[in-house]
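Chain IDs A, B, C and D follow the sequence of writing; residue 1 opens each chain.
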Amino acid sequence: MKKLINNPAIVVEEALSGMAHAYPHLLRVNFCPNYIVRADAPRRGKVAVIAGGGSGHEPMHGGFVGLGMLDAACPGPIFTSPSPDQILAAAAAVDGGAGLLFIVKNYTGDVLNFAIAAEECQLAGVPVQTVLIHDDVAVEDSLYTAGRRGVGVTVLAEKICGAAAEAGASLEEVAAIGRKVSEQGRSMGVALTSCIVPAVGRPTFVLPDDEMEIGIGIHGEPGRRRAPLQSADAITDILATTIFDDLPFTRGSRVIALVNGMGGTPLMELYIIFRRLAELCEERDITISRNLIGNYITALEMAGCSLTLLAVDDELLHWWDAPVHTPALRW
Amino acid sequence: MTPTPMVEIASMIAWINRYADRISEHQAWLTALDAEIGDADHGINMQRGFEEVRMRLAHEHVDDLGVLFKGIGMTLLSKVGGASGPLYGTLFLRMGMVAAGKQTLTPVEFANAVAAGVEGIRQRGSARPGDKTMVDALMPAIIALHQALDDGATLCAALQAAAAAAEAGMKATIPMQAYKGRASYLGPRSIGHQDPGATSAFLLVQSAAESLCAAEHNSD
Amino acid sequence: MKKLINNPAIVVEEALSGMAHAYPHLLRVNFCPNYIVRADAPRRGKVAVIAGGGSGHEPMHGGFVGLGMLDAACPGPIFTSPSPDQILAAAAAVDGGAGLLFIVKNYTGDVLNFAIAAEECQLAGVPVQTVLIHDDVAVEDSLYTAGRRGVGVTVLAEKICGAAAEAGASLEEVAAIGRKVSEQGRSMGVALTSCIVPAVGRPTFVLPDDEMEIGIGIHGEPGRRRAPLQSADAITDILATTIFDDLPFTRGSRVIALVNGMGGTPLMELYIIFRRLAELCEERDITISRNLIGNYITALEMAGCSLTLLAVDDELLHWWDAPVHTPALRW
Amino acid sequence: MTPTPMVEIASMIAWINRYADRISEHQAWLTALDAEIGDADHGINMQRGFEEVRMRLAHEHVDDLGVLFKGIGMTLLSKVGGASGPLYGTLFLRMGMVAAGKQTLTPVEFANAVAAGVEGIRQRGSARPGDKTMVDALMPAIIALHQALDDGATLCAALQAAAAAAEAGMKATIPMQAYKGRASYLGPRSIGHQDPGATSAFLLVQSAAESLCAAEHNSD
């Protein structure tokens, strides 16, 4: 296992400590339980936007704490959702009296832990709304399954809800905006390599040199199917058309496009993917109004990428363009 | 006829400590199973949680089974994380509600407490039998436990039957396609792998049988 | 070779095409010869800041084209410096009449190609100044060698010179600021893996699982020495103390710190490195006034990192803090 | 005594085309040598440049050796990139200056043109013999070439002597520590590897010998 770490047992804490040293003007880090909050938390009268999930997806979520995005992030152990007491402690630190918005990726662990925390908050009289992100079109959706995973749309939802909350929108308004994002965004990913969970020390799966995993999530797990490695264009075609075939991308729509690296893929390759995605959108008369290209929601050092398209209107673009100042997203 | 041996706090603590041992022994195995159809952390999660439970049990004196189980549940909830943390946490929290205020339980009361816990897991996770989760080991176990006690078996014998049922349930997850939890994302590719949560659940029942049979033997 | 590419022969062109699609408001891409210029080039009366070098180091340099940073970037083939005609064409596209500043990393190829271009410009009556970046303390410096490589300081010099040029400083002033940055900055890097040049298809070198290369550059080449893999803290100690032992970091100095990923290293690990670097600086009474943590000057998908420290005063901090709007750096 | 055979444009084009063949054949080898102590692109760079040269030669009619060499130099300058582009580019640009306006060269004039080119490389790159660069193959070659011509050898024989000297110079780079170019960053670790630029330089001289000997033979 080749990693720049000291001890697999404390990678999360040491990384958090690095963030605390690097961004004191933006955020504060608490240990035991671990959470990250805005430097100026709590903001009185503002809806507090809280997200969390396993670590290993950096910059998500901690890198999105700051003005116009998250009030708090709750990092669990690597690939393991945070616990309710962690979420509750973060919530207490950022509660500004206007309610809490939980942005939760649809994984059983995240859903259950945030649900327990939400129940506790409600019991204590603190209003909570939860926006569930479940955008991965690789996963079949049904009433009788765990449903689709939450992946790239999470980043967009955090930005957009964060902007609305910063502007003073009410909890119901921010939640409604978040649900709109969740409904209108779709993603799909591919892996060329697995990754190594530090405490495990071996790759989660092994891929021959001429194969790829299609329909992966963000936890170094195998995907929906294994296929022969193909060209960047062919891969983009697979991901993008699966996304297009799902609702709600129609001719004439505008989208925000995220070409996301999984942690071990160079930016150059993401540009090559974006090139093809732009062609495909043009063929379908879909306008890429905004884009984001880089490592935003990762799976440790996995090589691969994911595409996310979010259908937007003027309202969502307005919140997208609103100022943001966090370690990983700033304008 | 000897009086029905009661389930004592000491034997519950013995059960949990034995389970913590089993989890440590099998951590790599549970994680490897999770690597196949999940995210390679189940053993790590469970070990983190049960080592914390073990440590707390060693330092706290408890004389109420409700308090004992609730404490275990809260520790699991805050230390395990992932899907298994809230689920195993709920199991013990519900057991704690049933056992609240008691220092001992009859075997049937114990079985009822466990059944309430398993019902809690089903409510939380809304997994149904056949979805390839821990429920597939726990449901048969609780049915076998009740059945054996109804048939007049000792708690030891009943738990042995429950462990056998849990083991069969665990193995039955191999050919299943997952519909809940992380393995469901794999769709048909989840077939052919044993569910890690069903495996840790079997170990839990097996540990109960081992430690309570030892307790029954000692009290003879 | 597992890469998200279509054809090794045109990776650079396809990536440039992706950039052209993604950032039309920031930059324009020219093909044959390949160069990237600011969307609003040429800026009349402004010193044009031009950099270039082999591709494979993304986001450098193309990702730094835009307001407050580069006027033009000249991307060569992978790891191969651009040619004089490429540089001349870019120069012609951005020349605003106030002269050209070439920021050149000290590699024989870059130096020679930029020198030939500079001679041609001078012949044509266009004033050119060149700032040479040679910050890699892993390399022994001497009159009789090629000298030290240019690595991380390049990013800082491009930002700082770009800010001064944007503010209307003269060619001599911008060049003087660039030389100050070059004199006051030092870097060193480590690799845990090599990388694969697309046209080659095999890793440039192979490292056993328990070894690392210390003192690497940015071209996937082996470093000064191979050593057993150590902890993140021990590695940071090696890199940082070699940097500290070189001029000009004294007690009480302020620095800009760059913890740079080589392309395949997750952000989490860079945070762990930064944590230790912050401790080491504190021990030496060196204040990290600003920091940058992420992939800024990379070697394709190499795993590893480099540290850069730049001693700064109020003037350099002023230019550092000035607005910048490029694909990869923005505030 | 037959008149000294002159160096013609056609044989120069044959030389360069033969060299382009050699570079293509040995691209992987040159790149592999560069992977050991450089950045694994020397063969790729040279092939890119000389394929472009080959293409232009096939499409352009030239009847001035100065124009021919200058064109080759400019193409190399714009297509090879890296360190070798400006260096080989300079070699041919300088040869073009010496040969400007000529349709043929005597062997001595040819040797002088090459010598001017090598001197250009030394000025541009400021590498000295022993620095482990292409200079270590080119300097001995040019000395041997002049020497042989002085001794009355035919151009073919003189170029064969030059190729032998270049080969020895190339091999002599193996034990050297690099002080110029990318390999210098490796310090003592550069010892034990053959310099890729010295290798491509040897191939250039060898190609000259091969193609000019063939020309001499044809003109017999």
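By our rule, a residue touches a chain if its C-beta (ideal position, glycine included) is under 8 Å from a C-beta of that chain, and two chains touch if they have at least 3 such contacts.
These figures come from a predicted structure and were not determined experimentally.
Chains that count as touching both subunit C and subunit D, per the definition above, do not exist in this structure. When every chain is reduced to the mean of its CA atoms, the largest separation from subunit B belongs to D. Taking each chain's centre as the mean of its C-alpha atoms, subunit B lies 56 Å from subunit C.
Distance between subunit A and subunit B, defined via averaged C-alpha coordinates, is recorded as 33 Å. Separation between the centroids of subunit A and subunit C, computed from CA atoms only, is 29 Å. Subunit B and subunit D have centres, each the mean of its CA atoms, that are 77 Å apart. Chain contacts in this assembly form an open path, with each chain touching only its neighbours along a single line. In summary, the structure contains touching chain pairs A-B, A-C, C-D. Of all residues in subunit C, those touching subunit A in their complex are 1-7, 11, 14-19, 21-22, 55-56, 58-59, 63, 192-193, 209, 212, 229, 231-233, 235, 263-275, 278, 288, 291, 293, 295, 298, 300-301, 303-305, 327, 330-331. For subunit C in complex with subunit D, the touching residues are 33, 54, 76-86, 107-109, 112-113, 115-116, 136, 138-140, 144-146, 149, 197, 199-200, 202, 204-205, 215, 217, 219-225. Interface residues of subunit D, counted against subunit C in their complex, comprise 31, 35-41, 44-45, 48, 77-87, 124-125, 128, 179-182, 184-187, 189.
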